[in-house]
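Lettered A, B, C and D in written order, each chain numbered from 1.
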Amino acid sequence: MEAEISINYLAISTELIVIFTIVGTISLDLILSKKSKYLVALFALAGSLISFIPIVFQWANYSKAIVLFEGSYVIDKFSIILKGLFILITYLTFLLSINFIESDSYYEGEYYFLLLCSLLGALVVASSRDLLTIFIGIELASGPMFLLSGWKKGDPKSNEGAIKFFLLGVLSASLILYGFSLLYGVTGKIIFAEIVASLSATGLHQSPVILLSAILILAGIGFKISVVPFHSWAPDTYEGAPLPVTAYLSISSKATGFLALIILFTKVFFESGSSWGVILVLISGVTMFIGNLSALQQTNPIRLLAYSSIAQAGFILAPLAVAGITGNYDEGVYASITYLVIYAFMNMGAFLVVNILINASDSENIYEWGGLAKDSPITGIFSVIFFFSLAGIPPLGGWFAKFVVFRSLLSTGEIFGLSLGVVGAINAVIALVYYARISKIIWMDDSPAGERVVTVPNTLKVVGFISLALTVLAGIFPGIFSNLGEASAIFFSS
Amino acid sequence: MSAQPFLIAAAGLFSMGIYGILVRRNAVMVLLSIELILNAVNINFVVFNQMLSDVLLNGQIFTVFIITIAAAEVGIGLAIVLMLFRNRQTANINEFDLMKW
Amino acid sequence: MTNILETFSNGLGISLVVFLPLVSAIFILFIPKTQEFLIKITTLGASVVTFLLSLIVAYQFDYDKAHTFQLGNKLSWIESINSNYEIGIDGISLPLLLLSTFISVLAIIYSFEHLPEPVNPKGMMSLILVLETGMNGTFVALDLILFFVFFELVLLPMYFMIGIWGDRTVRSVAGLKNEIETRLYASIKFFVFTLFGSAFMLLGFLGLYFRGNKTFSIPELIELGTSGAFTGTFATLVFAVLFLGFAVKVPMWPLHTWLPDAHTAAPTVGSVLLAAILLKLGSYGFVRIALPILPEQAKAWAPAIAILSAIGIIYGSLACLAQTDLKRLIAFSSVGHMGFVMLGISSLTSIGINAAMIGMVAHGIITGLLFFISGSMAHTYHTRDMGRLGGNMKLLPKTGALLGFTAMASLGLPGLAGFWGEFMALLGAYNPLSGLNITVFRTSMVAGAIGTVLTAGYLLWMLQRVNLGEPKEEWIGQDLHDADNYELAAWIPLVILTVLIGVFPKLIFGSTNDAVINLVTKAFGG
Amino acid sequence: MVVNHSINLLAEGKISYTDGGIFAEFAWVIVVLPFIAALLITFFGKNLPLKGAEIALGSVFFIFLYSCILFYLNVTQGVASEFFINVGSIGSFQLEFGWVVDGLSIMMYFVVGTVSLLVFIYATNYMEGEIRYTFFFTSLTLFAGSMLVLVSSPTLLQLLIGWELVGVCSYLLIGHYWEEKENSSAAMKAFITNKVADVGLMIGIIILALTTGTLRISEILYQATHDYEAIKSVAYIAGILIFIGAMGKSAQFPLHVWLPDAMAGPTPVSALMHAATMVTAGVYLLGRLFPFYQGIAHEALDIVLVFGVITLFGAGLIAIVQDDLKKVLAYSTVSQLGYMVTAMGSGAYTAGLFHLWTHAFFKALLFLGAGSVIHAVHTNNMSEMGGLRKEMPRTFMTFIIGTVALAGLPPLAGFFSKDEILASLNHEGHTFFFFVAVAGAFITAFYMTRAVLLTFYGEYRGHGHPHESDSMMTTPLLVLAFLAVVGGWVNIPGIYTGFTTWVTTRKNGIIEYHPESFDYFALFSGLSAGLIGIGLAYYIYQVISEPQNGDNRIKIQPVWRILENKYYLDDFYFKFIIDPIKITFAKAVDKFNTEILDRFINNFGNAASYLGGVVYNRLDQGGIDKALNLTSTGTDTLGSKVKLIQTGKTQQYIMYFLTGVIVISALVLLVL
């Protein structure tokens, strides 16, 4: 192999900028004195913003996929959109974190460093097209999260959440690896295209080894996207972790997991979809039910959001599941990704609301939040927008997310899709109850503690308004997501 | 030479790891059990590489990466366990059930 | 001037009617809370302008071509799923659109001085405006998805209206262990019921989309549907879910249980809008979507709908007879009246559907007025218990007189608007579309006719208990305020309209008839 | 099937007539005017010197004049024309209002105009100082308008509208003194009873309209008389249903129960609505649709006859036992309406309308006279009257004229009209009914004489010193008395039958029997029945005892008690219809709604919540513990080991996780 190494640096400039920011952040953290540590935060914020510039550029120019490293790394519109999403979410998480980090004597530098590392992992996953790269991406994305979830060092809950997260996370990583090893063992290849070619040549798509590999990988990723039965860590970890981290976990980590799932199952295992499709259908349906029914029971807002995000994961999974059975991957991926994107912003908003309200009421029991909307109407409006968007009420973004999912479920009219559609419809109604409950409490219940002064820091307002704008925009002009369809199409053609 | 004994050994290692995770109470031991699983994977990769005579040595490269990552993860894991130990004076994971509903 | 009007006819007019309230609502959010008058006057201005715009639309509407969709436009909206911003009105939607803009103005006039506790003009006014956008939008949407979005848009404002400003009485509810505040119970019940219906309705829409050339356009789907594109189990399922979605909203027996609670708990303006417009969304959905797109299924379901309607009429009336709560009585009366509307629709004849159309408008006006009055009375007396009321004619003569008039209108007195809906619905039910089971329909007709007697019974009884007799001890010497100018300004137009439509139903039929004939001919061949 | 209305229906009638010219064309004015007047009274009435009565009087005076002109036109040249206004179309169905100007309607205009005018004049004085004086005139004017809407109607639709509008006016006026619950209940009873009947009318109209494809009465009648098959098939049922409507408004047994209670309203109301005009609407309806009944629905006509006869006899009997003067007159009205319906039922169109005409005058007279008395003595009860002939001579005189007219003694109005009915019955061969009607005449004479004796003879038994009413009240009495005398002279068989010509001047020809001369058998029977009735009553109440003790002479139990309880009809209605609906059914439905439907719905919520609890607490947060505990107790070897791993949350999660993997693997590899 003496091929000349030529790298299209422009294509990977996003990743490079993030790497530079990571290095810069940790260096600044070492150099700067305690007083000027806030510069670290500014630097990280600036870096993540700058990394968005190439995204815009690439979106405008890359009409077809750019393939790097002999097919291991691909930059296409699909990955570009997701990278944009990851960066934006990370940026919002930074904003969400600033007050949080400043309020306690936490290590600032490392915090940003770790989040940026996780971001880098996510970026890598988006473009990876071989087993090794995707594995590194996944590990890079989740490794820092183990630490971040235990960030509240003095808080036993946080520790506990972290160890659970960690142990299960490592276990899942090893399962993924075992699955990879089987895949490698059968085909001898690690680049997806080559694996598929080898499998088609040998006709081993449905062989037990490949299916076992798929299942192990599914289990591993199932942990990341927290679907039943791999979800049990999520409520505990979410509850224990600092709120911004929880938000990041439930959005970015989950998105990374879904991305890995989409890439692996539609690029590698797509021909055995009839087998894993059925499993995914089951998982998706059960996840919705268990997530929503458990969420009904929650009094802790974070646990409530944890179960809500489990249920939402069921929704995101549903189109993929049906796509596996019908082979209509294009449609399924489009629906999942659209859901994922809209979900990202409305869930970010929901966490923001919970963040504000917990601080305002000094209570992690939603039933003590009565009347808070009167003390802070802006939070009240945020809560209405985000929670009802999660419930899927038009004209808020969530409806379109649900709509595309239903659309893809019913597209072929086969029985699995139809049943999942009905399950989804029932769950949409169940979910409404607990989403509406929060709005009900803060708008309609009386304050148990008299008038409370609620201050919403400006950074949080920024997060709120960005999320709100995107959520509402998504609901009123869902046409903006037609790009995602185009991107999914390109993703499959490459 | 057949690859089968190696694969069986790897599978055995894997199972032992799983057993360890489930049964050991000490967090450090659980960590070590996870290492067992990772090593089972490593064996798999190396054996497959040899078996398939992969000239690109993908399996071996993979193994190197896994070892690295495993090291990193153990580092993280130990950090968390340490933190826990500091707060709770125990490394027995069975006692971590603060959040049991 | 003409030029400006020309541009209006290109969809701009209708779009303004739909979105002006929403834009104003957003604008209001930026007005400080303390500027109450500014908020109120802005809201009023917005709604009046909207109403005037809708009048311009009505003026531009070509009544000779009432069966076609007019003054609309089709703009690309969600390309990826081929859903468009397709709007337009025909003879069926025009009266309802006008009703909606009109009632909204009155609701806002009423709210000028009669805001429910806790007083918050900003919140209330913006919710009314958002509600208006949803209502207007539903009536002009010609795309299933657009329709769905507007259809659902009314949920949130109404939920909050009931939940925040609703009745705070704590009561026990069958099946629930703890006592609960009426408003909280009612608001979530309303929300869950409607969402339950519409979630499935959306599945139905998608079914039509995939079987119907991947289009959500209602006119195109009507073309497909009337040419027999949807058949078999598929069509049955789709009709079933559409039925669920619309019937909950109407509401048809036995899906009506949210209604008495919601109406009773809602603040006055909320009840008015709920009764006057929101219920119409369901029946309008039947006429606009379910019947023409799935004509064969409509035929198959028609007897069942007729029976449910007849049950609704009798059931609603009987339930009214048992009520002691004034607002709850009126709420149950809606069940009966909407039963007539649905009975008319179920006959699948031009007479029956025309009856439904005028029935909807009349019910909107009359029951809206009833809720205005009863809400105002509840506010004055601080009770809705008819056992404690009495002699209202003496205490509040103006209110009492209007209540009497409206009750008369509500019981279907000929010469007033309510008569046409009832009489024509029965007329339609006597001779349903050929091929439908005549026995079922005629039985339903007789049940409906008996319902008119019961209706007269409970309304007159209500009048006797509330309006007539000597005032009770507890009210004598109390400082009770009769209807003030704001209230009269909100009510008198409805009274006039009731009489006008009653005497000259062409106001409605002139618009609906061609469209309905066209619908029936196309879908059912006569 | 729908016939174009340009068909010249003029060829149908036998009598020549004109279109009435400009007066017919503008007849709508008298229909609309009262409504405008009512509006004006509502808004400006209170500030006017006579508190609105002047507007009311002005409008009815105009109606009176206009109807006189029309009447004159009809008498001189005959008028028959109809005008339509389209108010909307549904499907191919035209909804039309309009006005019809022909002999029948002009006769009604005249009756309404005349009696209204007199009653209005009377009421300005009678109601003076009463509560809601202005509103009273609003309602009364509204009633005049509604009645004209009804009688001017060329379509069944407008007829139905007028029909119910007069019902509402009746409701308003009966309940005029609504402070008393009794009065408002009476108003409600009137309305609901009529509404029940209206169901019949409404369905009848629906059937006719849908069968013929039109709502125009003239066209329906055309079809009915020209062998159209469709209408024939429904004629019987439609005929009966429409008659049910007429039964309500014209107080026929068993729907008459509202009319006696309706006496709760002020007396002018009783005179105008519940004697002269509104209650005759049913008879008018039968008359209007007479060609239909006669042509193709004669089976239905037989039923009409039966109910008419039952009513005329049954109601007359009850009148005997009443102590309330107005109730006597009310039952008398019911009975007389029975006569009219009987006439219609026996196919005597003119006779029925003729009785309507004469009855309007003498019954209005009687009511106004009674009102005058009541005004003076402040009670309705005859037991507290007596001897008033001295104090109230003009009232007494006119009352006597009314009584004699009602009793059917020549040459007063009632004699001619009743005689014509009897003659028709006799001619048609309804011998049994003929004798019942004769007996009715006897009863009529009896109870009226009783009433007169109780009221005006003997000693005054009440309180205070009654004196004669104002001239504003007595003048109408005198005018009506005059009409009660001469009203019958317009239709004397063999001498002058102008009335027959008047009311048969209409587009759809009437074919009926017209007596060329007196039927002397009928004349003799009727006259002697009347004389005997008067004589007997005079004997019982004057000769052998004081008037107030006369009742004791004829109190034959249990007949008396049955009559006093009005054949227990009200009790029956309340016990078996109203109470079950109002109490049992309504409560049951309400219970069903709150206790069953709501509970069902709420239990759905509970179930979801419970399920949530189960899923969360048992499955999600601890299910594996239990599941494993269950399995491990059975397995010794693994048991002890496995128990170790159950307590910790973390390992439980891992267990959960791995179980999932295994289950999924099993599913994929073994099942799929």
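Basically, a residue touches a chain if its C-beta (ideal position, glycine included) is under 8 Å from a C-beta of that chain, and two chains touch if they have at least 3 such contacts.
These numbers were taken from a predicted model, which means no experiment stands behind them.
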Going by the average position of its CA atoms, which chain sits the greatest distance from chain A? D
C-D or A-C: which has the larger count of contacting C-beta pairs? C-D
Could you work out how far the Cα centre of chain C sits from that of chain D, in whole Å? 34
Between chain A and chain C, tell me the centre distance in angstrom, where each centre is the average of that chain's C-alpha atoms. 42
Between the Cα centroids of chain B and chain C the separation in whole angstrom comes to 65
Centre to centre, by mean C-alpha position, how many angstrom separate chain A and chain B? 26
Of all residues in chain C, the ones touching two or more other chains: 192
Can you list every residue of chain B that touches 2 or more other chains, as numbers and ranges? 21, 93, 96-97, 99
Residue list for chain A, restricted to those that touch at least two other chains: 163-164, 167, 171, 236, 433
Determine which chains touch and list them pairwise. A-B, A-C, A-D, B-D, C-D
With touch defined as at the start, can you tell me which chain A residues reach chain D in the complex? 163-164, 167-168, 171-172, 175, 208, 211-212, 214-216, 218-219, 222-223, 228-230, 232-233, 236, 274-276, 278-279, 282, 289-290, 292-298, 430, 433
Give every residue of chain A touching chain B within the complex, in rising order. 131-132, 135-136, 139, 143, 146-147, 150, 153-154, 156-157, 159-164, 166-167, 170-171, 173-174, 177-178, 180-182, 184-185, 188-190, 235-236, 239-240
In the complex with chain A, residue positions of chain B that touch it: 14, 17, 21, 27, 30, 34, 37-38, 40-41, 44-45, 47-48, 51-52, 54, 58-59, 61-62, 65-66, 69, 72-73, 76-77, 79-81, 83-84, 87-88, 93, 96-99
So in the complex, which bits of chain C are touching chain D? 173-176, 189, 192, 254, 257, 260, 315, 318-323, 349-351, 354-355, 391, 393-394, 408, 413-415, 419, 423-424, 426-427, 430-431, 445-446, 449-450, 452-454, 456-457, 460-461, 464, 467-470, 503-510, 513, 516-517, 520
Which chain A residues qualify as touching chain C in the complex? 334, 384, 388, 393-395, 399-400, 403-404, 406-407, 410-411, 413, 421-422, 425-426, 428-429, 432-433, 436, 439-440, 443-444, 475, 477-479, 481-482, 484-485
